[in-house]
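Each of the two complexes below includes chain A, the first together with chain B, the second together with chain C.
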Partner chain A sequence: MTAPVTRPPAFVPNWTVRIAWCVLLIYSIYAASLLEITWERFLAGLDHGARFIGRMLPPDTSASKLELLAKGLYESLEIAVIASALGIVLSLPIGLLAARNLMPGWITWPMRMFIALCRSFHQVIIAIVFVKAVGFGALAGILSLTVASIGFVAKLFAEAIEEISLKQVEAVRSTGAPFMSVILYGVLPQVLTRFVGFATYQVDSNLRNSTMVGIVGAGGIGGTMFAAFQRFDYDFLLTILLSIIAVIMVSEMLQNRIKKLFQ
Partner chain B sequence: MHGETPREWQRYTRSERLARFALYFGIVFACVVSLRTVEIIPEFLYDAPEQVLDLLHRMWPVEWAYYPEGVHDALFETLHIATLGTLLALVMALPLGILAANNLTRSRTLNYLAKLMLVSSRSVNSLVWALLFVAIFGPGALAGTLAIAFRSIGFVGKLFSEALEEARPGPVEALRSAGAPPLSIFLKAYWPQVEPAFWGIALFRWDISVRESAVLGLVGAGGIGMAIDSAMNLFQWERVALMLAVIFAVVVIAEVVVTAIRKRLI
Partner chain C sequence: MTGAVTGAASAALEVRDLVKEYRRGTPVLRGISLRFPETGITAVIGPSGTGKSTLIRCINRLVEPTAGRVFFKGVDLTALRGRALREQRRRIGMVFQEYNLVERLTVMENVLSGRLGYLTAWQAFWRRYPADDIAMAWELLDTVGLTSFANQRADALSGGQRQRVGIARAVMQRPDILLADEPTSSLDPKTSVEIMELLTAIADARRIPVIINIHNVPLARRFAHHVVGMAGGHVVYEGDPAGLSDEHLKQIYGGENWLD
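Showing the complex of A and B:
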C-alpha cells in the first residue's frame, strides 16, 4: 500500500477574481440598459447608416469646396506648429521648476498645481474658454493647445528630472559652478533625449487636436467640418475626413523618418 | 611627404549632418511662416484681459444649487459612457489584438488586416466618431458610448498586441508539447503573462475616456458636454463654471482611483 499522494491543484480557482468579473458583467448590463437600445432603434440606425453612407459618396471635390478645405487645413497646421513651439518652449522652465529634487517646495507646489490644472481639461473645453476670452479664430486654438502641451510635456519632463542621478549634479556643483551651469551641464544632458521624445509625441497630438478645436470656433478645419455636418453636406464631410486622415498618416511617416535620423 | 591626410573623427556622416540641419531649418521655417501668415485679429487680443475679467465675473458666484437639478444625471451619463465604451472596446480589442500579434497569429495577411483596422480606429478622433454615430443613431448616450468604444479599440488593441508579442515562449511550448488545445494555450500560457499589462492598459484608457466623454456632448453625443453646450448657448456662465468644476473634480478622482488600483495590480 502506498500512501495517496496529495498535490495542490495546478490552477486554483480565485474567487475574488470571479466575483469581480460578475460585478463587471452586471454593471455592463445595467449601463447598457440605460442607453435605451431597442431593436427598432437598431434597425432605424442601420437604415440611417445606409442613407448616410449613400449621401457621403462620392466625396465632394468641387473647386470652391477644395479651396475651403485647403484654407482650413492650412490654418490647422499653423495652429499645431505655433502651439507646439510655444508649449514646448514654455514646458522647459515649468518642468524644471516643478522637479522636486532640484527646487524648494514653495516653487514646486504652485507649479505642480498649474500643470495639473492644464492637464485636467480636454483641449476642446479649454478652447471654449479661450474663444470667449480672445474671440473666434486661430488664436483661441493656439492658446488652448499650448495649455494642453504644457500639461503633458511639463509633467513628464518634471518626472524625468526627478529620476536623474544626482551624482553628476553634485559633481558640477562641487566645482563651484553657478546655478545655470548646474542645470545646463548636470541636469539637461541626462533628460534631453526623453524631452525630445515627449515633444515629438506632443507635436503629433497637437496636429490631431488642431483639426478638432474648430468645433467650438477656435479656428482650423474643425469649424468647416462641423458646419458641413450641420448642413447635411455629407459628401464634403467625407472629403474633409479623408484629408485629415491623410495629413495624420503623412505626419506619422515623417515622424518615423525623423526618429530613425536621431537614433 | 606621404600624401596622407590624417583622418579626422566626426560624430555624424555628412548626409546625417545635412539631414539634421534640414530638420532644424524646417522647424524654424515652419514656425516663422505660421507666425507670419496666421490670422490673428489684434483688436481681439487687446481687449482679452477685459474679456477674461468679464468671463470670471459672469462665472462668479458658481451656481452650486443647480447641481442636483441639471448636472448630476448628465455627470453619471458621462461616467457610464466612458466606462461602458471602454468595456466594449476591451471586448472588441481582444480578438483584434490577438490577430495583430505575429507570434500568436502566424498569418502575415491577418496581422496586416488587424493592424490596418487598429490604425484606422486610432486616426479618427473621438469627436469625429461621435459625429458619425450621431448621424446614424441620433443624438444621445448611445452615440457617445460607441464613439468612445471605436476610438479606444485602436489604442487598447495596439498596446495589447505589443504586450502579447513580448510574452515569453517557454510556457507556450510547455503547454503545446503536453498537447493542450489552442484555447488552453491562450488562457494558461499567454493570458497570465499579459494580464497585468491588459488591465493596466484598460485603466489608462478609462482615464482618457473619462476626459474625452465630457466633450462628446458638444456634438450631441450625450453626457455633461450637452449640458455645457446648452448653458453656454444661453450665456449661463455660472452654470458652465459649476460644470467645469465638476469635471475637474471627476478627472482628479478618476486619476486617484486609477493610481490606487494600478498600485494594487502591479
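Showing the complex of A and C:
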C-alpha cells in the first residue's frame, strides 16, 4: 500500500566544515612536532621547577620587605581604582555616543574608531608609551589602564545599549521628555545591571593589570616584583604573589556583593 | 462643553493628505485626510499592516510623515522641531499595544514619567516631582486599582495591570488628546472590555478626544462614537458605528467568510 516516497537526506554533510577540521588537526600535530617536547626535557623541567619552588619557601616576611610590599600594593590599588573610575565615567558618554540605535552615523562612526584605537594595543604597550610621555610612576599606569578601560567598557556599553527595547524609549519620548530624560528613564534602567557587571569586571581586570604595568616602570607592585625576580629574591617573590592572590580574592567577594545590590 | 461651535470648525485634530513611505515608492499611508471631533471616542479599524499604527505615530511625530499636515487645536504639528515639538507632545497622551512600560522602574516611576516633559533631566534623575503631581499619581493608581503595587517593578505586573499603568502614565500628562495604539490586542476579552471602559471613563471625565486603533470590530461598535475604516493605506469609511455595514467590513478586511 505504501508508495515509496523518495525524500532528500535529513542530514546533509557539510564538506567544507569537515575539511576545515582535518586541516586544523594536521596543523596542530605539525606545530606540536616543532616544539620538540621530549620526555627528558619534561623531567629536567620538573627538576628545575622543584628547585625554584624550594627557593621560594618560606616566603620572606622581614619588616623591610613587607614595607616595600605594602608600598607597591598600595600604589597598584591606587592605579586600579583611579583608572577604573576614570575609565568607567568616560565610557558612559562614549558608549552612548557609539550606540547606533540612538545616534546618527556621523557621531557613532568616529566614536567607534576611537574605541577601536583604545583596544588596539595591550596595556603594557600603552604603558610604555605613557612612561615615555609622562615619566616613570603611577601616573603612567593610571593613564594606560584608563585607555584600556575605555576600549573595553565603552564597547560593551555601546553593545548593551544597542540591544535595548526601543518600545520603552518610544513611550518616554511620547511624553515630550527632553533628550537627557529619555536616556535616564528609557535607556538607563534597561542597561544598568549590565553596566554594573561590565564595570566590576573591568575593576577586577584593572587590579590584575595594575600589578603588571610596573614591569615597564608605570608604577605599582609590578616594579617590585620584577626587581625581586632579577635579584633572585624568590622568597620575596612568593610573598608578593600570595598578597596579589589575596587582593584579587577580596575584590571578587566585593564584586559579588555589588552585583547583588544592583539586581 | 465649550459653547456653540460650527460643525466644520469643531475638529480638535485634523489630518490633511498624510503620506508615509518607509521605503521610497511603497507608501503605507496613501493620502489620509481626517477630522477628529472635540470629544468622544474614535475607533480606527482595519486589518494588520494597513497603517493604523503609522497614522497614530505620525500625529505625535514618533514617525516622521513623508508628506501632508497634522493640525492639533490650530497648531501645525508637522512644522515643529525640538522644544516646540516636545511641548506639543506633552499635550498628547499615548497608550501602546505592548504597554511599553519601563520594565525595571517601579509602577510609581512609570506613572510619574508622564510628567517628564515638564521636568529638567536633573529633577527627573533625583525624582523631584512637584507634590501635586505625586498626589495625582496616587489618585490615578487608586482609579486603576493598583495603589498597592506602587513600589513594585513594572515587570512584576500582569498584562491587564501593565496596560492600566500605561493608561495612568498617559493621563498623568493631563493630555488634551489621547492616542491608543491597539490597547486591547494583547489582552483577554474580559480585560479588553475593562480597558475600553477605562478609556471611555477618561474621555468623559476629562472631556478629551480619544483615538483608538483597534481591529476588534464588536469592541469598536460597542464603545466608539465615531468610526474610521482603513484599508490599503486609504480611508474607506468614516461615520457612525451604526452606519458600518457588512459591505463596509468586506471592503475593509476583504473576504466575507469571517462575517456571521
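Following the convention adopted for this analysis, the second predicted complex is superposed on the first by the 222 of 263 C-alpha atoms of A that agree within 3 Å, B and C clash if a C-alpha of one lies under 4 Å from a C-alpha of the other, contacts with A are read in each partner's own complex, and residues count from 1 in each chain.
Operating definition for what follows: contacts are C-beta pairs under 8 Å (C-beta built on N, C-alpha and C of every residue); 3 or more make two chains touch, one makes a residue touch a chain.
None of the values given here were measured: they were computed from a predicted structure.
Once the complexes are laid over each other on chain A, chain B and chain C both fit without any clash. After overlaying the two complexes on the shared chain, residue contacts for A:Pro189 are found with chain C alone; chain B is out of touch. Contacts of A:Glu163 after superposition on the shared chain: neither chain B nor chain C is touched.
After overlaying the two complexes on the shared chain, residue contacts for A:Met212 are found with chain B alone; chain C is out of touch. By the touch criterion defined above, A:Ser181 reaches chain C but does not reach chain B. Legend: residue contacts after superposition of the two complexes on their common chain; A:Val172 is shown touching chain C, with no touch to chain B.
Judged by the number of chain A residues each one touches, B leads among chain B and chain C.
Once the two complexes are laid over each other on the shared chain, residue contacts for A:Glu67 go to neither chain B nor chain C. Superposition on the common chain A brings chain B within a closest Cα-Cα distance of 7 Å of chain C.
Taken together, the two complexes place no residue of chain A in contact with both chain B and chain C. Taken in their complex, chain A has these residues touching chain C: 165, 167-168, 170-186, 189-190, 192-193. Those residues of chain C lying in contact with chain A across their complex are 60, 62, 86-92, 94, 96, 98, 100-105, 109, 113-117, 119-121, 124-125, 166, 169, 173.
Those residues of chain A that touch chain B in the complex are listed here as 11, 24, 27-28, 31-32, 34-37, 41, 45, 48-49, 52, 75, 77-79, 81-82, 85, 116-117, 120-122, 124-125, 128-129, 132-135, 137-139, 142, 208-209, 211-212, 215-216, 219, 225-226, 229, 234, 237, 241, 244-245, 248-249, 258, 261. Within the complex formed with chain A, the chain B residues making contact are 16, 19-20, 23, 27, 30-31, 34-35, 37-41, 44-45, 48, 51-52, 55, 77, 80, 83-84, 87, 120, 123-125, 127-128, 131-132, 135-138, 140-142, 145, 188, 211-212, 214-215, 218-219, 228, 232, 244, 247-248, 251-252.
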